[in-house]
């Protein structure tokens, strides 16, 4: 079973040289730490920055320089700043190659719910609806099972949707799964020590298993 | 009767302190020379400049700095450069207070034709259609009569239109006329030495004359 | 043409009860702090505020919420504010949550004279309810309307007396799109300079969009999430 | 990620016959001179060229027209070119004239992922024929579609190896909107620098929009209308 860092490391393997990547809050943010050093990857922060760098050293925080999670950050050489309208313009125009975000639920046809739980205080969708509606390639980092022990990979989402037919791949503590254009969670890899049977048990939506499913390799 | 400079001088009197003004090619360009010195007026050039200054001194021409007529120009202190999309954005959003342009024909309901003559080589509308469709306040600088001796102030335009219901005021060699919202050329002023009768003769569209028509005062 | 005001009080003196305001900033970054303080002092009420966030309890728009000055909040994310939550749950405050890109683009549309824009954000969700959906090249888009706000209130780094604005780093965020979108746009700047001191190629918001400008004072620039790394990292 | 090309020939080597190109520049100002020369040298044919103007007889797109490389020209104003006129009248060249703001905004729409925009330009004229008209708040607008071009070819003043671009004065014009709009965007710059040498706040076109970049050579920067005043003025 993967911990959060394991999920982040596995997702980092999906990143290719030259990619522009938008990382959501939570586990996706951790992915930045595991991008191979020999790759040129540019992180987009939807509040208006390309080329986001690591957190600043203590005492070097700049209140004018934050990421979409409102955290103080730095800029790398070659950064560009732009306004929110252009930021979502480039997102809508599919210039961002990969979007990684968390989810409460994902359905077997790629719908995603990650912004609202009925009965709880609603904080808002922020940029998530823009990102999922526009991105060409969306990977979701999430737990396979919620705290009540129920699967979060469902035939249909039960929570209010953030977007439809958009998620391409899911990495959980148990598995890597592709969502097929025709529908269904296609099992690609098992987490270390996890059996296909355990993944079956944890997946409420249509699970597609073809041939041997390799165990994932993480450095 | 006014010459071109007279028309430009008379139009300059319509400019108010603080105005942002777009000047078309021809007589409208001359208007810049007669804006009262004590007024802060900013000229917009739709190729992407606010704060257009006079022509450069000889030898100081900058090929990267031209106006919408492709003439070499200068920038005044407080200028701002922007791209064509924003330039027409601010035009469409009616941030430009006054647009002055030439015309081949104007109709009594404010339609304007100034871009195309059937049978002649068509050069294109440039930014004229955007300007006339968007501007809040349009003054046309034109000759009252064409070379064939026919009125250019018509019940309806005969040439292909540039825009409809848009012209607010006309200054010709003979007169200043407002176009009323309900239609009609309302005579406001006569050019020096021109009689109301002469203006009547030269105006094919509906001419509205109320009371005494003063002769215009130009410095 | 005099666009220069002495201070925030003067620049927002005619903001009326019931006005619709666009307020720049992302979280607490790039906030028009002086204008918000002046609005609180003035006590103007029944405002509709469009801003990406609603501040925190004791900073930003949170200060206006505490005084019950906001009737309706249009935002994309409002998570950091207990008083906001209380007013929302009690029904005192009306809240419309919209996607962040839609918020930015509806501002830009106003500034670019486009009455409506098309975006895929919200298709298939509750955001789409009651809105026109249109298919282009096989993809569905929502038609979203340009904002029609009485005032846009923004913060820039530098500005000149003609209203030209330059922002710094990610304090830019919603400020340029909102600056273009106000019937009256009020800009507060950290440094107000004379015409000619800003490079025309560096200006982010041309002065034609800005009606009032003043040099702000005592910027707090509070940090919402102070995240750092140690030197040994 | 290597976006840097040696020269224009390499950067446009895969422009195919029949391609649709967006070409930056206004008149002869801010023209991608090196790329145009390379396109002429390559002899690629049946191009659809979108550009505000069509150059003059012996400069700019005029050079491509002379070689009969352009099948269709989409422009707002084409007045300065005798060969253009000859080809148009003989039916060799197809021409679509569109309002200048519509041209710019259709580029921007592509770069902002908006399939269509609304503009009042052309309402009541022949430009409106066959197009959808829509009324918002009592005013009619045309719906105009975003361009869907194979290549955008632009010229900037400075750029870095990550594709970030800065333009100079009114040589900016259509270049930024077109740079955003190409499926492949090729940028030629007068000076190519390393990442970090451009101030992130000064960048006009973020590198994410630019796929190829090279440092151009031998810029002629011809002036179309040399207008000057005498010192005694």
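Lettered A, B, C and D in written order, each chain numbered from 1.
Keep this in mind: a contact is a pair of C-beta atoms (placed from the backbone, for glycine too) under 8 Å apart; a residue touches a chain by one contact, two chains touch by 3 or more.
Given the structure is predicted, the values throughout are model-derived calculations rather than measurements.
Think of each touching pair as a link: the shortest run of links from chain A to chain D has 1 of them. The most distant chain from chain C, with centres taken as the mean of CA atoms, is B.
Centroid to centroid, with C-alpha atoms defining each point, chain B and chain D lie 28 Å apart. Averaged Cα coordinates give chain C a centre that lies 33 Å from the centre of chain D. Between the Cα centres of chain A and chain B there is a gap of 56 Å. Looking at chain A, one finds that residues 49, 75, 81-82, 85, 88-89, 91-92, 134 touch two or more other chains. Counting partner chains per residue, chain D shows two or more touched chains at residues 105, 112-114, 119-120, 167-169, 172, 200-201.
Going by the touch rule set out above, the chain pairs that meet are A-C, A-D, B-C, B-D, C-D.
Of all the residues in chain C, the ones that touch chain B in their complex are 1, 110-114, 160-162, 164, 180, 194-196, 200-201, 203, 206-209. For chain B in complex with chain D, the touching residues are 45-49, 54-67, 69-73, 75, 81-85, 87-89, 91-92, 111, 121-130, 133-134, 160-165. By the touch criterion given at the top, residues 105, 112-120, 136-137, 139, 141, 145, 166-169, 172, 200-202 of chain D touch chain C in their complex.
If you check the complex, the residues on chain A that touch chain D are 17-18, 20, 40, 42, 44, 49-51, 75-82, 85-86, 88-96, 134.
Chain D makes touch with chain B in their complex at residues 26-30, 52, 75-79, 85, 88-89, 97-105, 107-108, 119-127, 157, 167-177, 204, 221-231, 233.
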